[in-house]
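What follows is one structure encoded as structure tokens, with my remarks underneath.
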Amino acid sequence: MAALVNRRQLRIEWGQCDPAGIVFYPQYLMIFDACTGQLFARTGHSALAMREKFGIIGMPLVETGARFLLPCRFDDEVTVESEVAEWGRSSFTVRHRILKAGELAVEGFEKRVWASVDPTKPGSIKAQKIAAEIITALSSG
Amino acid sequence: MAALVNRRQLRIEWGQCDPAGIVFYPQYLMIFDACTGQLFARTGHSALAMREKFGIIGMPLVETGARFLLPCRFDDEVTVESEVAEWGRSSFTVRHRILKAGELAVEGFEKRVWASVDPTKPGSIKAQKIAAEIITALSSG
Amino acid sequence: MAALVNRRQLRIEWGQCDPAGIVFYPQYLMIFDACTGQLFARTGHSALAMREKFGIIGMPLVETGARFLLPCRFDDEVTVESEVAEWGRSSFTVRHRILKAGELAVEGFEKRVWASVDPTKPGSIKAQKIAAEIITALSSG
Amino acid sequence: MAALVNRRQLRIEWGQCDPAGIVFYPQYLMIFDACTGQLFARTGHSALAMREKFGIIGMPLVETGARFLLPCRFDDEVTVESEVAEWGRSSFTVRHRILKAGELAVEGFEKRVWASVDPTKPGSIKAQKIAAEIITALSSG
């Protein structure tokens, strides 16, 4: 099954840019985080509903990476394409591509864990098997 | 009694500045927030210890304001002076001044509430009488 | 003439919230800044086009203030209403109201200057008379 | 020659943390950026002086990555160790390790380019051979 791709149009804000006039790179990671949220909302569950329904506390990040190919500037319109590129048992990798006028400007990934509170260790989390329903909802065709 | 003034030296970071090359103004509010934290640490209680000892959940903001007199730029060294300018029964106002080479660059305030969880309304907070010990600790002379 | 009101729907992002689960207050100022940008785009000029056409370098902030009435949380949908509440000769005040389920959660203002480069002092800016066309475009009725 | 390691003590701020009570991960990238700045200041040149002396416009990022091993929370004291792990002709990789109570909490890298304005293409940058003096200054022993 192919992955469902979430597309989001964004306009680069003044406050996201640095004195070189280009997006300050940690801002791209904030965009990734928000776009993963929007991708998972495509399951039909809000972030809060998903937590309640599946007993998770969230999807903490274990690894991230990004390559910067073209600079984006204030007022640029960009498209962010996000999809789950790989499903593990309890972890998954979201791939993001930021396109500017059709050209790839930034590509990156987030590896996240489907996690619940660890009942045996206060303050700790425990990886859970990802709900099949979520995997299905984020696949297309 | 005069107020204890906390002084903090900061160097403006690249990521705090915008394409005009000056500090993006919400960053000043982040500086205020962090400097209020550092001022209250002068009581001898860490933020977490203070929460436990006095049964508060924090010091939520109810009002803020700032005037911008001189721009600060990447790599500028600034001094932030913070003090409680006014104590109410359950609220207080912290005044911040950001100085650049001895000149006032930004001045602002934060009005905050000394708050605990409201036991009668889940999810709500309730203003508390500020602990006398805190007021004394943040006064000098 | 009444002011043109720009309305923007936003969903509160995870990364805008603090450990108390509510929006970290400097984030509201970032929202104000972005919404002022969107309001001025209603003139039909992009931020860059406006700079070129009117010879300004931007609209630097001289004063800001905000009152926080209701907390906003992750995934809350809010509406931001922004309008120029007052036009001076070379400065103006934008008023912002953030509504959550129809109730006022945050209100604030930004006082900004219509500024060009000062040809007599390198690195300095100079307030300019605001273009009448802009005032007209941001008025309604 | 071994690399010079810059060590920086930081206390995690409230505004860097998310509703799960842990550092919001793009904040780590902001820490990396600031610590690279501090590492390069160990050459004895400020960021601005380095730009003037070597004719560069900065050190734009081409790739970044991070792994998150232990969560950091509000008020945690951490140490950030930063060093250039690899020098290419015109690019270099800075490695960062964030330690909490002596344990590795986050590790990451930034691959950056030593760049000047491209005189043949307005608005573009061009990779330059890194100044030998900088490489020497950031090596130890």
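Per-chain residue numbering starts at 1, and chain names A, B, C and D are given in the order in which the chains are listed.
Rule of thumb we're sticking to: a residue touches a chain if its C-beta (ideal position, glycine included) is under 8 Å from a C-beta of that chain, and two chains touch if they have at least 3 such contacts.
Since the structure is predicted, the reported quantities are computational estimates derived from the model, not experimental observations.
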{"item": "Pair in A-C, A-D or C-D that repeats A-B, with over half of contact pairs matching by residue number", "value": "C-D"}
{"item": "Most distant chain from chain D, judged by the mean position of its C-alpha atoms", "value": "C"}
{"item": "Chain B-chain C separation of Cα centroids, rounded to whole Å", "value": "24"}
{"item": "Averaged-CA centre spacing for the pair chain D and chain C, given as whole angstrom", "value": "33"}
{"item": "Distance from chain D to chain B - Cα centre to Cα centre, in angstrom", "value": "29"}
{"item": "Shared-contact residues (touching 2 or more other chains) in chain B", "value": "14-15, 20, 24, 26, 30, 33, 74"}
{"item": "Interface residues, chain A side, partner chain C - complex", "value": "13-15, 30, 33-34, 37, 46-48, 74-75"}
{"item": "Contacting residues of chain B [partner chain C, same complex]", "value": "20, 22, 24-27, 29-30, 33, 57-58, 60-68, 71"}
{"item": "Of all residues in chain B, those that touch chain A in their complex", "value": "14-15, 17-21, 24, 26, 73-74"}
